[in-house]
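Input: structures, listed below.
Next come two complexes, and both contain subunit A; in the first it sits with subunit B, in the second with subunit C.
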Partner chain A sequence: MQKINRDVLIDRAISLLNSGQVSSVLGWRQGEFFYDVTPAVFTDENDIRENFVWNDFCGANFSKYLVSKTKASDGKILVFLKPCDTYSFNQLLTEHRFDREKVYVIGIPCEGMVDTGKLKAQVGDGLVSAQSTEEGLLVTTLYSDEPVNVDIKSVLAERCINCKSKKHVAYDELLGDEGQIEDSDRFDEVARIEAMSPDERFAFWQGELSRCIRCNACRDVCPACTCEKCVFDNPVSGVENKAPVNSFEEKMFHIIRAFHVAGRCTDCGECSRVCPQNIPLHLLNRKFIKDINGFYGEYQAGECVGSRAPLVDYNLEDLEASDVFEGRDTQ
Partner chain B sequence: MQRIGVFVCWCGSNIAGTVDVQAVSDALRNEPGVVFSTNYQYMCSQAGQDIIIQAVKEHNLTGIVVCSCSPRMHEATFRKTAAAAGLNPYMVEIANIREQCSWVHKDMASGTEKAIILGKAAVAKVNLNAPLTPGETPVTKRALVIGGGIAGIQTALDIADAGFPVDIVEKNPTIGGKMAQLDKTFPTLDCAACILTPKMVDVAQNDNIRIFSYSEVEDIKGFVGNFDVKIRKKARFVKEDICTGCGLCTEKCPVRKVPNEFNLGMDNRRAIYIPFAQAVPKVATIDPDACNMLKSGKCGVCSKVCTAGAIDYKQQDEILDEKYGAIVVATGFNPISMDKFDEYAYNQSKDVITSLEFERLTNAAGPTQGKLLRPSDLKHPHTIVFVQCVGSRCASCAEKGKEYCSKICCMYTAKHAMLIRDKYPDTEVYVFYIDVRTPGKNFDEFYRRAVEEYGVKYIKGMVGKVVPEGDKLKVQASDLIAGKQLHIDADLVVLAAAIEPDKSARPLATMLTASMDTNDFFTEAHPKLRPVESPTAGVFLSGACQGPKDIPETVSQASAAAAKVIGLLVKDKLTGNPCVASANEMMCNGCSTCERVCPYGAITYIDKEFRMPDRTVATRRVAQVNPAVCQGCGACTVACMSGAMDLRGFMSSQIIAEVDAICK
Partner chain C sequence: MQVNKYRPLIVAFCCNWCSYAGADLAGNNRLNYPADVKIIRVPCSCRVNPSFVLRAFQRGADGVIICGCHPGDCHYTSGNYYTRRRMALLFSMLDYLGIERERTRLEWVSAAEGAKFAATMNDFAEQVAALGENKRLEDLRCKR
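After this line comes the complex of A and B, so read on.
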């Protein structure tokens, strides 16, 4: 169960909207199913009262939407950011992707979001509703007579189990208490893959990436992917026409994407959340983060605005390329 | 569509020996865009160039591929050939089928196969080449010399004599370097100070030369003709322009026990000091690690005795921003540390010394006023053992020594041995050596004199161990010619320590983007033909920073470097490199990544209004490249996620076309 009640969010949104401090509100709205919560822009008080959603299914990170929404809007936009979303927010500001003055940020605490796939695996298909309780969720489905009690920990998204931070690194106003940077085990899975032999590792990624259908959802949701024109959409980039050619190409797509976000990825985990094929894409980015931490010292993209990422910075003490190649690190 | 001509060079047998040049020109004739293909014995010869010019005219060629040596050798040649034929010089591509192909392959089949692939890549690139026109940049007519030893001094004097202003940056309080510490110089045995100090005075008196002593280069930006350098003038706590160098403060300072680095710690100096009598500038310097006033605020004696009022305990480091057209590196050398050579007991006995310490010991301004007294008990040594190659030519002991020959040790050891025998004929002198290497004018004669006239005992063999015992040093050595072990009771052992580049060289090389070898010696642009130029344009090399050298060689190289600098500074403008980056504004995200990776500060951002497809006007932040500052390194193009940044002459599409041609 989330610590802050939906009503608190709605009250703040309506009061800011009615006072004219903001002209629109970026929030969550229910999609086709109750668990299918999507980002939405609200400008009307009644719409907010009826349709604004805040529950354990509000995984979407709004930071990226600010790039287009601030350009389209003359007034200020109210945005609700969970702790991990604020890192993406800062990273986008570092890259001058939107005007900070046009945004009003309300930081909201987050107790972790549900991975619908895990929930379905536990209670079966045909989800009808889920009531948050102290211990977890009370779930009803089409095929069961009685509501089922589900332990929230068993259905939390991987990124929430390995939450890196409950601290908001950017906000104008904070609802609830400020959290801490968490001690997470998020690199354990990367270490397990690193320990594989090259052949095993190739087979692992072959298995994962061959499921890719090139729907581009990972790219479209990624807060680090805000190029005016993506290289994969650009006929003169030289990689655009390569993407769909053969079975190795989706590896190229994901590897190129991982390189493009390396050092800028905040590890928000949106890529894996939206992947319809359940490919653990976040692991590619985490490998980069782990290596950067090892080679150049701990660095968290988006922790502060304007920080110089190690990959675009140079110190005399930096490792030589040969050290990196040989896998040596100074840490 | 381009009309491309392919010209395959045999380079005599250099290429034709391992590459079937006929097969290469036949294969490349069928590549897309190629309308003419031939091969010739020496493409770079006038006859070879005429073939190219003729073919351009006959076949209306728009692009040229020359399969030959590295572009470093003849790219400029063939660009001029293209210009002579009426083509834009940047429509030429070189496929390096010599250094990267024929020289590294042994058999004809694989050499030929690779040459064809390299040729195909070049053809693929030329298909996408566009004519380029270089711009011009002005030249700042001032040179910077980093290091004020004999190398830096000579270079600065020569540049200044040609009428150009020069600044010398020296990290020590005085110029003079290692030569100032030497006693006599081989092979003529004139006193080092007698020939060096007039030059130091010349530097001080030359209106074109400024000396920044006790200063270090902090940062270097820019490029040939236009370097921006930050120089840190370290606080010496003495006003340089007021101090008269009278030395009263150095006599009255109560802190007496500071090891004197000029005498290599063999005697002491005060906390305020002038390194030696002929120092330039002759100005006192306070050592902040030793001075009581600076450490605890209690003392102030020097300030009281200074009649000029030059002492300033509140002095701060000063950062100077200067502009230069050329930079000369003259950072010199140091003997290596003897810490890892326990077998010679350097750290156990005061009477085991290095050759540079020996220089101070025999120098009239040294700790013993030039009398040969051993450091432990100040007695005259009667048996002296010199050990050659300590840490030099040390292939098997790379972790403690150097693989290279330090070059100067054979000669200075002959000098030391000869001088001892001359002054103190009652002294037995042994020299243990691997080889005696004395090439150089009058060098071998000098060494022969040490052996034949002065009776120095040269023994081929190495010293295995030195053990201090009582007031003797037990030296165990082998005599390889006699085939026996020797045991010598020595009073003094002198180690000819290998020399290595000064530690300041590596960070400096990084700032200059100049390349170094594995031993941290600066690399020349060409080891034979461009020995005083660094591969980085506008950076020149003088003295031992480039490799071990004696004084005659250092001075020759110093003057050579000066000649190169003068050749650059007389030019009013330099032709720029048209292969610079440019941003496609429609795709630029304004993210600043390129700005951050640019080592030359060539990229800035502006807010610019754009007419969007829906007829609205949008203001976007976009990158701008200053083509006069951009050096075409390409760092921005690989950092740009969206591919908005591209490098003329090396566009991403051209590189990918080359890779595709290779992988086809």
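After this line comes the complex of A and C, so read on.
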């Protein structure tokens, strides 16, 4: 259950809207089903009262929307940001992607968001509703007579289980208490893969990446991917669409995608959240983050505005490319 | 006589100011290095976008080597420092995906180091030849 309830958010949104401080509100609205909560722009009080959603399914990170929304709007936009979203917000500001003056940020604490895939795996398909309780969710489905009690921990998204920070690094106003940077085990899985033999690693990634259908959702959602023209849309790039063979061609796409955001990826986890094929894209991003931390010193993208990303920086004493594998014996 | 003996295809990105001149010197001094090495001249090693390396593999290279001026000697002062970071991360990522780490290399070769250029290429070509064809990074879309 989220600490701050929906009414508090709605009250703030409506009062800011009515006082003229903001001209629109970026929030969540219910999609086709209760669990597919989608980002939406609200400008009307009644619409907000009826349709504004805030629950355990509000995974979407709004930071990226600010790039296009601030361009399209003259007035200020109110945006609700969870702690991890504020890192993306700062990173976008660092890259001068939108005008800070046009945004009013309300930070909201987050207790973790549900991974619908995990929920379905547990209670089955045909989800009808889910009610947040103290310990978890009370879920009704088409195929069970009784509502099922689900432990929230068992259905949290991976990125929430390994949450790196509950601290808002940017806001104009904060609802609830200031959070803390968390101790997370987010690099454990990367280390586990590193410890495999090259053949095992290759097989692992082939298994994961060859499921990719090249919908480009991971690119589209990523707050670090905001170029107006993208290499993946270039018809002569050789990586513009899905390889028409049952092979592992999509690896090129994935290496380029992950490299493009290396040093700028805040590990917000949006890419893995939106992937319809459940490809663990965070394991590619985190490999870069882990390496950057190890080679060039700890760096968290988006922690503060204006910091220099590791790939546009250098040190005279940086390690040589040939030393990268020193001390790693898996061969 | 052995026909059809496997020859690796090696792409060497060489910066104009040092390594390419180093290759020239190797030639002038009649130092041998394998003809399997195809040199692509770039203005500076940091011109090499990591996707160039991937593109080379995609189009059938068996090994890719990037050569630039020694740290401190880059014609543009700092280009090779950026190259060093990029390639360190790229090589590490390729390894993470299970691609043979011997297929990539970054080497500093000055204009005076014709001998080092030839020795590096001989060594790298041998190393890549030992691995055989690049299967893990090939891309059927790009094969003719």
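In this section, the second predicted complex is superposed on the first by the 309 of 331 C-alpha atoms of A that agree within 3 Å, B and C clash if a C-alpha of one lies under 4 Å from a C-alpha of the other, contacts with A are read in each partner's own complex, and residues count from 1 in each chain.
Definition applied: contacts are C-beta pairs under 8 Å (C-beta built on N, C-alpha and C of every residue); 3 or more make two chains touch, one makes a residue touch a chain.
All values reported here derive from a predicted model rather than from experimental measurement.
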item: Superposed partners subunit B and subunit C on subunit A - clash or fit; value: clash
item: First, second, both or neither for A:M1, with subunit B first and subunit C second; value: neither
item: Which superposed partner A:M252 touches (first subunit B, second subunit C, both, neither); value: second
item: Partner chain(s) touched by A:V148 [first = subunit B, second = subunit C, both, neither]; value: neither
item: Subunit A: partner with more touched residues, subunit B or subunit C; value: C
item: Which superposed partner A:L316 touches (first subunit B, second subunit C, both, neither); value: both
item: Touched partner set for A:E95, first subunit B, second subunit C, both or neither; value: first
item: Which of subunit B and subunit C A:V231 touches, first, second, both or neither; value: both
item: Subunit B versus subunit C as contact partner of A:I161, first or second or both or neither; value: neither
item: Contacts of A:I181 with subunit B and subunit C, given as first, second, both or neither; value: neither
item: Partner chain(s) touched by A:L138 [first = subunit B, second = subunit C, both, neither]; value: neither
item: Footprint overlap on subunit A, comparing subunit B with subunit C; value: 231, 238, 312-314, 316
item: Complex contacts: residues of subunit C adjacent to subunit A; value: 50-51, 54-55, 58-59, 71-72, 78, 81-82, 84-101, 105-106, 136-137, 139-142
item: Residue numbers on subunit A that touch subunit C, as the complex places them; value: 193-194, 198-206, 231, 238, 243-245, 247-249, 251-252, 255-256, 258-259, 262, 284, 287-288, 291-292, 295-296, 310-316, 318-322, 324-325, 331
item: Of subunit B, residues touching subunit A in the complex; value: 507, 510, 586-593, 596-597, 599, 605, 618, 620-621, 639, 641-644, 652-653, 656
item: List of subunit A residues in touch with subunit B within their complex; value: 71, 94-97, 226-231, 234, 236-238, 260, 308, 312-314, 316
